[in-house]
């Protein structure tokens, strides 16, 4: 019995391709629960649909509580958590602790206070999303690609930091007296600088003196270079990954031909 | 007679390279009709040139109606629509139904009401554009290129979604009390977050607290990474396509040399 | 005598590497003249430095007039303009006509009127910049690279156009009644749409309804794809050009080894 | 004794991998000193924490002064600065002069004036950052990559300049009469043009006439091409660098196999 529950709940234990139907439903419920956790921060929704929200939260809490208890029960099926204190070791493992922490807000839904701590506490439910990582290895693949070029990407960030410092120092010197509340210190000028270098350009702060505008134009053009660097690095990394894969396929074909 | 009309109307049946003169004229008329459908939504144009618009619409409706009737008539020339009920099967085929639906608004130009349903109904004329797809295979080529990397592009979208959730949750916590109407809930903060991560930066919403601005700067820098990922993936995909093509050309040359 | 002037004025006739000293000075003067043509459109400059501007313009006009006369004089040195009517044929050639048209405003500096035609006429001096093209082949190199991928780049533009049409049609339907002056017709919504898809985001127009904002977010994310496409195409094209060049170098080395 | 200090202070003299503990502490102190130099430009910080700032500055000044004196003392350990006048030659070398200039503001912290010259003088402390370059060769690596494609990157800049000139000239002609203070001269229109072409889009200036908006849309689309060009060039350069490295590794493996 425990072995069958384990087979359905543990992705690695499922003998067929993909996820088991139980895990598919759980993944969908997690996405739905995160969606509701996001929507419930909206005061208008809370006002109008307060009762419905409590019911929905109660439902999710019961489902995930049952899932949590089942996962603790089947833990010894895995060799890592077998033997004495196996379940205890599972309970204090990082994924199980995240599950528990994400469950807590649901157990205290009756707290109606709007204090910051309560608000923060409720948002723990969004942590449920992290549990989806268990079902998918896709995120690991892309982070691996980034890790292979982490040195170059870090250099891009360093250059970005230096450009940020230079442009905000210059604008502080030039625009500081014309707009003291916006460019009156380097940290203040940095708010403009980061918006310009990343080409976001909110438009709440911008230079007004001719020299300031010329420097802002140069900063914006430099910003394009800042976009070009990581993009170029990642493009090269992805291109390299594809070619390595192609080469392996070709070598396999040659091997078969012998 | 029907065979000749078929040869001129059906791109695949044209024995020469490119499109037949009749289809070239039709493609131009479709572009013109879509242009007019767009312009006619402008109230100033309707006020000043109401009569001219009705005439133009009547002209397009007659031309596309004649084309539709001709296409129904020649349908049995194609093996797929030959035999009994062939024309009926053509009429209920997807492209013919799109033709018919795009024709409908022209048949009811006399409805002067400005109700939402009528407005929506009129816009069906823009669907005529979809008919151009019949004349060109270019769009299919680029969508194929995207499909070959759909897994990686989907991962980029997922990462974008996660970053959107993280940044709007943080800004909601930090700026929520300072600007309740703009950051007072995660869905509200998302409007700022999507504008910042995509580097659009409308500037209608931006953080004002120092901590909020630091996080906004980090979000904007992350946004550059978000642009870099799909760009890098597509660059690698296009590069791979070019190389495969070059390799094939080289292999052909080697084959000829034997 | 005429042969020597020809050698110094005609870039192709210069026996040494690079540009002749005379042409270097002329290129610098052209850049300076364009700079002044730009600055002189500023009313504040005209008010304060009116007299100085007239002197500067007179100087440039004389220099370029002398250059023009010399170029007409030496024209028969080139085989293309040799023989009878050779100089006349040179005068009606496109580059010589551009030279002449760019000279005209200088000859009429005394017209003090600020009428639109006069303003436009003065700007003809900016055409002098086109003459720099004669000294440099760099621009041709990059346009060649673009031409090799013109089909894919054109496809990107077509897709951009379709996305522009779709997003502005949707926003017109959704936001049209909430903000009739900004989204009350498809052409009006297009102004918002182009600013969002290109991630410029002026912030003068943005949706206010929840559904409009969700669609705007999707449009902005699509805009990133729109940036990614041409970038990816060009990256692949440049990468291909480098590899072809490397391969040629390698083949040359192998050829030498035999 | 001097040899041991030299070994700990001079990165190249350190026999182990990475930086010596002394240099690691110095690098951290430099980053901290720059951080404080930036923060101290903020008037609120100066008001509230004036005394603390003086203490911090005194601390940094003493540390870097000691370091400077030590570096002068150990200079003759390097062959380049050995022999008579070796220390003097070190003192007038560029890195030592930067160290000295960055030290000066700390020696004059008692100047309480807020005059522009004093402000500028204080910012010399940011120059300390340049000293970090001594500890890291990372920046050199990425600038080398850029140098290898400097010709193409320069061409991108030239094309950007030409597009800037064309778009601002056109907008000046079209929008000049409608918004004379914003588009009344080409230099004024350039402020809008640079914000649009780099897709920053502050939103303080934008065209209002229909023709101006159409041209602005075209400018924004061109801006995407402007981002695509340097990105594509850098992507190709990085891709080429990776492949060259891979090829070398493969050649090494082949060599070992013999």
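Lettered A, B, C and D in written order, each chain numbered from 1.
Everything below uses one rule, namely that a contact is a pair of C-beta atoms (placed from the backbone, for glycine too) under 8 Å apart; a residue touches a chain by one contact, two chains touch by 3 or more.
Just so it is clear, the structure is predicted and the values come from calculations on it, not from any experiment.
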| field | Set of chains whose contacts include both chain D and chain A | value | B, C
| request: Mind checking chain C against chain D and telling me if their interface is mostly the same residue numbers on each side, over half, or mostly different? | output: different
| remark: Relative to chain A, the most remote chain by C-alpha centroid is chain C
| task | Go through A-B and A-C and name the pair with more C-beta contacts between its chains. | result | A-B
| field | Rounded Å distance between chain A and chain C, as computed from the means of their C-alpha atoms | value | 43
| query | Using the average of all C-alpha atoms in each chain as its centre, how far is it in Å between chain A and chain B? | reply | 30
| query | Of all the residues in chain A, which ones touch at least 2 other chains? | reply | 187, 195, 199-203, 227, 231-233, 235-237, 239, 243
| query | What topology does the chain contact graph adopt: line, ring, star, complete, or other? | reply | complete
| field | Contact footprint of chain A on chain D as seen in their complex | value | 34, 38-39, 41-43, 45, 116, 119-120, 123, 126, 129, 138-139, 141-142, 157, 160, 187, 190-191, 194-195, 198-204, 226-227, 230-239, 241-243, 246
| task | Over in the complex, which chain D residues touch chain C? Could you list them? | result | 151-152, 154-156, 158-159, 162, 165, 169, 172-173, 176-177, 184-188, 195-196, 199-203, 206, 210, 213, 216-217, 220-221, 223-225, 227-229, 231-233, 235-237, 239-240, 243
| request: Give every residue of chain D touching chain B within the complex, in rising order. | output: 199-203, 231-232, 235, 239
